[in-house]
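There are two complexes below, and they share subunit A, which is joined by subunit B in the first and by subunit C in the second.
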Partner chain A sequence: MTAPANILEFENLQIVARIAGRDYIAIDNVSFNVAQGHARGLVGESGSGKSLTLRAIMGLLPSNVRVTSGSIKFQGIDLLADKGKYRKSVLGTGISMVFQEPSVALNPVMKIGKQITDSLVERSDLNRRQARERAIDLMDQVGIRDPEKRVDDFPFQLSGGMKQRVMIAAAIACGPELILCDEPTTALDVTIQAQIIDLFKKLRSELKVSLLYVTHDIGVVAELCDAISVMYSGRIVEQVDDINKVFSNPQHPYTKALLSAIPRIDGPIQRLKGLEKTAPSLTQRSQELAPPMTQIEPGWEIAPFEFSDLNQMWSSSSHE
Partner chain B sequence: MIRFLVKRIALLIPVVFGIITATFLLMHATPGDPALTYLGNHPTPAAIAALHHQWGLDKPIINQYFDFIGGLFTGDLGSSLFYNETILKLIALKLPPTLMLMLMGSLFGVIFALPLAIWTAIRKDKFIDHLVSLMNAVILGMPIFFIGAMGILFFALKIPIFPVGGYGESNLQHLWSLVLPSITIGLGLVPLLVRSLRTSVIESLDSEYVAFARSKGLKNRAVWLKYALRNGSISGISILGIQVGYLAGGSLVIENVFAIPGMGSFLMSGILNRDFPVVQGATLTFAMLVVLVYLMTDVAYALLDPRARFK
Partner chain C sequence: MSTMTRIKKLHINNFRLYLGIFILLTVIAMAVFASHLTKFDPIEQDLMNALQGGTDKHFLGTDNLGRDIWSRLLYGGRTDLFLATAAVLAPFIIGTIIGAICGYFSGWIDTFVMRVADVVVAFPFYVLVISLVFILGNGVSSIFIAISLVSWVAYARIVRGETLIVRSKEFIEAAQTGGISNRKIITRHVLPNVITQAVVYAMSDIVLNIGVIVTLSYFGLGIVPPTPDWGRMISEGQQFLAGGYYYLTVLPAIAVIITSLGLSFIGDGLAQLLRVKR
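Then we have the complex of A and B:
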């Protein structure tokens, strides 16, 4: 059996942020793929560059941040070329995105039904009534009860979990093949988190969509994803196409540290190790380029341990 | 929405009552005796007293106050001391030009400001943005009557498109003669409107809901109009309301420049003649206009922002 083709391919992505007149490398040497129909988790602490990576795909980088080299290919075509024309044509229909905070990512003064279908209406000749019907169908599909009553509600009339479902309904409205998820459960209660994860599982199996799932919750990745990339300080430190390998036998000390920070229900009762230090802020980071990754086996690579930002961390901590 | 309206209007009752009382007290605190103005040089004390009695000015002030209030309820604002006409009739005559002027003025203001605000927000810190903010500073620095005078000079004298002043005879002439003063008023509204709208549109453009709208693949046009401008205009509407409120007073100057027989000139002549009932009636009308504008602002706000409506 051959491996499925890649729907999304990152190659040597470098992103630079301009802060107070100086350029800082925010992301360097990021290369990974999302295989057709698969889900990859992109894991890291806050500020590790995982959300920036997602926004680079969508062309939603802040004005002081730019991609300086590398490519992001969707179905083999570079999204960063031709001034974003190709990207514009696949947004919504090919790639869509679910944001972290449903309470700020939905337009507060627009009916949710309209927000779910407005991009669909723009691309098709659905009339008002048909669009409303479609919105109700989509709301039903993402598990919103009484969609006929809810379709004319405004976001502030909905709970956080419901708002997140609305956003997911909008994200699948145009039938995308890849959904980018930017910590979609972080702002939600734990029980709601589980429901949303189940919803993503359902969408994966029903719609055959591929996912690139950004989170700092490695447990969510374990439940939902096939592949994982661990980021630290704007660099990938370890990534593997078969997620089980990293859980049973993490190679990079940072990955080990991350895994040891998760409480286990079946493990011995002990103090959680946690991480000694968080990553240095962008302006304090090492500006040296990321060293090439080493391949342990096909589909499994790690960064050299002695990469300097990490070095600081290991030398001053008790993790060795 | 109806509940919202009822609530708003109920809240206005004490405000209106306060305005009525303040107007009445102000009139009586103003120095000067209308009888002296009316009778000319060297009037006899008997003549003054007779006039005072005729106008009810010799009654205790509290009685005058209740007469005034009672009159208001029956639509009786008294009669002008000089024009031999009831105040109500005079106001009915003078109010339409002022109302039209305010309406057309705000309309022109919005028509000028909206595209400029979007344009400068999208092209933030680019050439056009700087140019517009320079233009705003220039307009803000010029007194409104100067802009009006310039308008007359260029578009009534040099290129005679509009009348130099006056109000014309027919409805069409009325409308035509109000164009230049309305544009003047509109221009006066532009700087603050553009600034506040631009800021809130930029805020919207940077928001997560615009990022999400873009991620759905919506065209720029839709993102700008249905998201950035639609949301940005919510705060713009309050600024517009306050400004149009000021306009009620500002129309006084513009009516003078363009010789429009509206409430402004009516009030002016009333003050100069010490024609108490006229001043009272005109002040009250202006105050009511402001209250009405604020009510309309609230309603517009509620129409634009469902969160205000459901509270």
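Then we have the complex of A and C:
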């Protein structure tokens, strides 16, 4: 079996945040790719830089945050070059994005049907009726019942799960090849989560769309993704193209700890096994550059640092 | 309870809004149909019948030049309302566009425009308007230009502030990731979310403008004499106050107050309506 071409390639991405006049390395040495038609899960705890990595693709970084080196290539062309002109040309049609919080990611004063076809209408000469028909088709495709009635609803008339379905309908409206998912199920009930994940599975098989799925829920990744990258403190600690390998035989201690971390309803709140402290916040983090990854076998690499190093990622110098 | 009945209930409860709309529509109707409501020409003088109180012929009386006061009130309302509305529309449109652009793009254009706005508001409103009218010369168009030059700032600031809030919302990012152009994001996503605040302000701004126009005419600036207007009626009537002809001043003043009340009610009612909706 030959490996399919990569639709998205990260190479040595470094992102720096300027906070109170000082630069801090938020993301360092992030390299991975998403193969055509495949799904990669990007996992990590809050503040590990997974969302920042995702936002860098879309150019949605906050104004004090910038990419300092590396490249993000979509279909072989760097998105960070030419002042974002190429990126602009693939937004919607090539790459689209589903956000975490569907209640704020939809315009409250615009009918959902219009929002679904907003980017489609931008690039085609669909008239109002055709756009409405298309919106109804898309709503049907993402499993919204009675789309003919719902198409003229406003977001506040929908439940959270329905809103997320609307977001997904908007994301697939222009037939993108890659969908970026920024924790799309985090804000939803567990039962709705399962439905949304099923929907993503269905879209994967029907539309052959590739996914880059950011989440802190490793269970979601297990269910939906082929490949996984685990992030900690802005670095990748372990990543593998075949997700089964990491679940049966995790190599990095952090991954092991993450996989064995099953929250107990009656137990005390625990840190991950072997970690002394929580992950350091950005300004408390060591500014040392991440060492190159060690390859265990093709398509499987881990960071060469151990737990003791993770604990030492706290900066030794004190900041006021 | 369905959404529609909830909205209906909300409207019924909002008594002030309806009262305001009723008053304003009445005043507008009187101004528009002025020619049907009186048989007198508002500028036709009849010195033989000057300074008469209510008579069978002139039921609100006549002024010092024998002009019918009822007729002058109607036609004066036409002048003042039209000018006040026009002088709201222009700054409303200009200020909203400028505010949305500044808030959305930020950067040097925002800094520049907002500093210009600071300079404009640094002057007291009346001082600036009066000096502008003085420079531009009397007349309806100079009042319109003077008010527009000054009051776009308020709209720009309101809309800019609201835009800054909306700008940070995720649905704007979502629209950007959909590859929608900035112009469309502003017109389709930003403006519908920020315009309401500007509309509410516009209602109170019309009140303010009527005040400004009346004040300017009272000072002898602005609207040129033969044209009937409430401000000049008040100021011309003043000299006859001592003679007991108080109605020359009081009647146009009542007209100003009623109109302003109506507009204020609408402004308050709208503000309440939109607050509840949020």
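Odds and ends about this structure:
Convention: the second predicted complex is superposed on the first by the 292 of 320 C-alpha atoms of A that agree within 3 Å, B and C clash if a C-alpha of one lies under 4 Å from a C-alpha of the other, contacts with A are read in each partner's own complex, and residues count from 1 in each chain.
Everything below uses one rule, namely that a residue touches a chain if its C-beta (ideal position, glycine included) is under 8 Å from a C-beta of that chain, and two chains touch if they have at least 3 such contacts.
These numbers were taken from a predicted model, which means no experiment stands behind them.
Annotation for the three-chain superposition on subunit A: subunit B and subunit C clash. Shared-chain residue A:Leu60: touches subunit B and subunit C both. Once the two complexes are laid over each other on the shared chain, residue contacts for A:Tyr232 go to neither subunit B nor subunit C. Judged by the touch definition given at the top, the superposed model places A:Val104 against both subunit B and subunit C. When the shared chain is aligned, no partner comes close enough to touch A:Phe74: not subunit B, not subunit C.
When both complexes are overlaid on chain A, the residue A:Asp118 reaches subunit B and subunit C alike.
Contacts of A:Trp300 after superposition on the shared chain: neither subunit B nor subunit C is touched. Of the two partner chains placed around the shared chain by superposition, subunit B and subunit C are both touched by A:Ser96. When both complexes are aligned on chain A by C-alpha atoms, subunit A residues 58, 60, 88, 90-93, 96-97, 99, 101, 104-110, 118-119, 122-123, 157, 167, 170, 173-174 touch subunit B in the first and subunit C in the second. Interface residues of subunit A facing subunit C in the complex, by the touch rule stated above, are 58, 60, 88-93, 95-97, 99, 101, 104-110, 118-119, 122-123, 157, 167, 170, 173-174, 180.
For subunit A in complex with subunit B, the residues that touch the partner chain are 55, 58-60, 88, 90-93, 96-97, 99, 101, 104-110, 118-119, 122-123, 154, 156-157, 167, 170-171, 173-174. Considering their complex, residues 3, 169-171, 173-181, 184, 188-189, 192-193 of subunit C touch subunit A. Of all the residues in subunit B, the ones that touch subunit A in their complex are 207-209, 211-219, 222, 226-227, 230-231, 234, 304-307, 310.
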